[in-house]
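Each structure below appears as structure tokens.
Here chain A shows up in two complexes: once beside chain B, once beside chain C.
Coming up: the complex of A and B.
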């Protein structure tokens, strides 16, 4: 009997050993994650160093190694420039053994980067970009678009406002891929609900003086001014709108509001505004626990891209572990067949087109009187189920 | 160019360099070196400070990129088209600007460049802030696959050597002598019967076309044409490269471009990434205060003093 046990044990060990040996199939004997973000510009608060922290947390929570090999992280600043970002990622993949790229903020940069990752068959975990192009006209079997996109924002924020009877819209739009996409989708939603778009003006990314744009909005005769911009652009345009008295004449809708930007604004200006988000720290115990850990390291509460970067990295590492390889095709297949489930991803699934569909939240920016702490920025009004928030899979992007 | 031992050694180094360094970085250095050499032809040899030279770099890039994406041209024809486009733009801009001198010339070129910047920002075919993305590198002469980095490197090296040779040839030709005469004493050149403005204009067009050649090549290397290349920051950067390396020397701009691109690349990955502009600014200040003739200029002085 004893002998039997020993033989069984050694047989089991042999199987275990050979299986790990056969499965530890990692390129360059490690998994290397590249975090690309705007570290010092208009989107630095939205992802930036915080996304690096979030990815570091994911790697630590995962145990620092996968299949017995080390997980390494590199990061770089794309300065919101497509040429800088794509050159960095090209170098990462070609000479620095990077297996997967995450962060990815400005949609223009992400567009250029995902061309490079797709050419090289590497996975891009898009944590912060808004354009829906990465799962539609620029879709790729190697894209995983995580946190949110413009369709979810328009469906979440614009629809309820139009349905409440505010039908005439004017847009102040960030003049690049993201702004154009957001304005386009929001306009479609408005028209479908019986509203009209009376005009739009496009301001370059990083504009600081919005006065001429605000004056055009004021003269447009619209009921609602939609701010199809984000980050510091959103803050600056809303501040200027308040200074010019626009907020008293018309409703202003922020189509993409991140927590640090809402926090930077006087609640007297921003309080009461509706917006849509993919994550809010004060939702349940799991989100609060993670956010407290994030804040202890980063000094601020996480914005949705931070939580998205963590969730995406975790899901990727789990898939690498389960697949026993970092081969992009195998890992991606597994990422799509297993459901992400953590403090960020609720009722979530990574669809065949690379769109991560999960619960979105319609939130209201709190007024000063409601705030219990300085981080008490949003109040969740309603949960938007993933299939209501995101558009269905396009046949051309149905990567099995 | 006389074939000296020094030049052969340099060429040998350039041929083996991609085995020691990352080829895309080397290609970037070569493209900027060509751009800086083209700029130096104006600043160093005619004494004209064009403060909008990025527009020629960018125009070449956009034209090449657009044609490569939409018409399926082979890379050499795409680059030729970009170069010609920049040359034509240079012909128009040159006509408008060479009538003025000094600071006025610089301001006119800057203003004209900003006009084109706005066109590239707003025109539907340039993709605005996104730029043109995913430009194919294509097959050189229809059969050499340039998506291979080594093939691309030797192609870029050949283009650089051609541009460099052309500039060198221009500078040392009778035409180049007249350009230098204009630089040193314009009224005297006029009094000798030379039509100064025509000579300046010709130099301007050559410089613009070569800047376009650099931009077209860069676009193929990175498979991307973006606003960065037409922005006035880029016009400033090429001034920095030229001054740092040595204005009015043949090799100066090459060294300057290598130093600037090298420093940017070195800093971009590390903790100092946010300070890259401050560090470049400090280097510029030190350069202006301590060694005004640039790296190559100072070395030449030392060589002359001790061995000449």
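Coming up: the complex of A and C.
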């Protein structure tokens, strides 16, 4: 009887296994990944062709196929325009059989795209956007926000500086949604730690000359000037701050610094500055190994969104494989119940609200004397545990 | 601190000086545009891309040829001017007799191609170029800290602008130039090579943008889109000053820098629109521009 049971069981298992393989429940008989990024604009170095390369690497490392079917990739340039991005994604879903969208840089584009993906019950793996809206006021059961967000940046960088006794802050803020969000959250952190914001100035996106804002910061009597901007705005504002002697008088904190931007600055100016990142290539052997492969293909070291795009894609494909289907609800459930663990994601979990919570890093931009190579840009000062970096789940966004 | 009517005077002086520095860049760029338009009637939309080329030229010269800032200040405008000459000879001249719109579209296309090419080659994050050693540091004025390099920008730009104005308005060469563009057939009859003069003038106008690019490299991020950011502002300045008025371009360039500086002090959010506001008002009241001659 016992034997009989065992045989029956194994027979049943065999049937179950073959049936999974034979009837892999893949829509359109394939898994297709859409990579939407800024291929030639201001964020091209942050998540452009590099994000496509990262996703290609993930698919290759996965073996090129899942459940016996080929994994396909399509990509497009969103030109940082929400209407362009959402139109592309709508077409992908409706006529190109795309199952999942990743890349996603400019928060405005991501906002428009995630509406389309949510309406169509497709998963969006957000690799590069900064806004925290995608897991708060614009949250969706189909969003997975991977690499970082403004809350983690503010908590990671601002808190330790205020705690060290530098309590009076002045902000130079990029005058659009991202900058305002970053300044707002950073200000909250400062006040919660007993500090005060003595002033702020809003500089239009793409400002070339920051000297007048720097003069205002100098006159403000603050101890720390927070740069709530990114990309070229960050580079230009910091360069001007150094030129006008601001960096001698007060501390400057860059709230969002990607490695290519830090690389564009003279280490004599940027060296020593603290900032927060979700990934740094030179963290451990696994990150170095992956980054070397990325550099061999892309010519530059990966910035955090590249590593995030790889990690998110890999986690998605693993979930499809384990679920035996590419049905978004089933896959997302599995993505949230299994923990991502790779060279990027440490102590990581994809929460019910779609926020991927993982170790963040407080880093210091290296001085010229410390640099062993041109890629030696950051030095990791401390690890910020995910629950200290990100905000808790909102009840309204608790998608089980 | 000194205050007047609740305004912090020190802060105000600082902003005025900073405005003057920005105005120096505007003056250099709008001067080049005004020469090219005033003398040749070509609307050169590639001027911003050429400014970018100047900044990259300085970077590349240092990186690959070991040519430092001071030499680059001479060499890069020459090379860029030569490129301008080639552009005039092979791209613009074939359509010289068509409507102005054609040269506008052509130069706009050239600008997009250059910008795309440099984004492809160098990425979009920008490159760094250090301030030359001789101009590092600064002077502490009563109301602000003036970096030496910024002071140098004002001086260099004034020398180049006034020199150019003097050459065109006050010398014999300038007289030939103005006459040649006014009545090319007559000047040809006097034995003057007008097409050559046109080519050289275009080259000179372009070289001015290259010069501005080298001047900008140490203080602004050297990036492919640096030109497109500034070009629209500079066009507005040329319109305010009066298309083609050379003295007008210089004065308006400096003036608009100061207006922008004041706006940054009193209402920063409007600082990138104030120049266009002035443009609208000027166009309504004096359509030919402040210094333009009524057609």
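In this text, the second predicted complex is superposed on the first by the 380 of 400 C-alpha atoms of A that agree within 3 Å, B and C clash if a C-alpha of one lies under 4 Å from a C-alpha of the other, contacts with A are read in each partner's own complex, and residues count from 1 in each chain.
The rule is short, and it goes like this: a contact is a pair of C-beta atoms (placed from the backbone, for glycine too) under 8 Å apart; a residue touches a chain by one contact, two chains touch by 3 or more.
For clarity, every value in this text was computed on a predicted model and none was experimentally measured.
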Where does A:94 make contact in the superposed view: on chain B (first), on chain C (second), on both, or on neither? first
Which touches a greater number of chain A residues, chain B or chain C? C
Taking the superposition as given, does A:204 touch the first partner, chain B, the second, chain C, both, or neither? both
May I ask you to decide whether A:175 touches chain B, chain C, both, or neither, giving the answer as first, second, both or neither? both
Partner chain(s) touched by A:45 [first = chain B, second = chain C, both, neither]: second
Which of chain B and chain C A:266 touches, first, second, both or neither: second
Once chain A of both complexes is superposed, is A:240 in touch with chain B (first), chain C (second), both, or neither? second
Does the superposition put A:62 against chain B (first), chain C (second), both, or neither? neither
So in the superposed three-chain picture, is A:219 touching just chain B, just chain C, both, or none of them (first/second/both/neither)? second
Can you list the residues of chain A that meet both chain B and chain C? 40, 175, 204
In their shared complex, chain A is touched by residues of chain B numbered 22, 24-25, 28, 121, 128-131, 133-134, 149, 222-224, 226, 228-229, 268-269, 273-274
Would you mind writing out the residues of chain A in touch with chain B in their complex? 39-40, 74, 76-77, 81-84, 86-88, 90-91, 94-95, 107-108, 111-112, 115, 175-177, 180, 204-205
Chain A-facing residues of chain C, complex: 8, 10-11, 14-15, 18-19, 21-22, 116, 119-120, 123-128, 130-131, 138, 144-145, 147, 149-150, 219-221, 223, 225-226, 229-230, 261, 264-265, 268-269, 271-272
Of all residues in chain A, those that touch chain C in their complex: 40-46, 48, 175, 201-204, 206-209, 211-213, 215-216, 218-219, 231-232, 235-236, 239-240, 243-245, 258, 260-261, 263-266, 268, 300
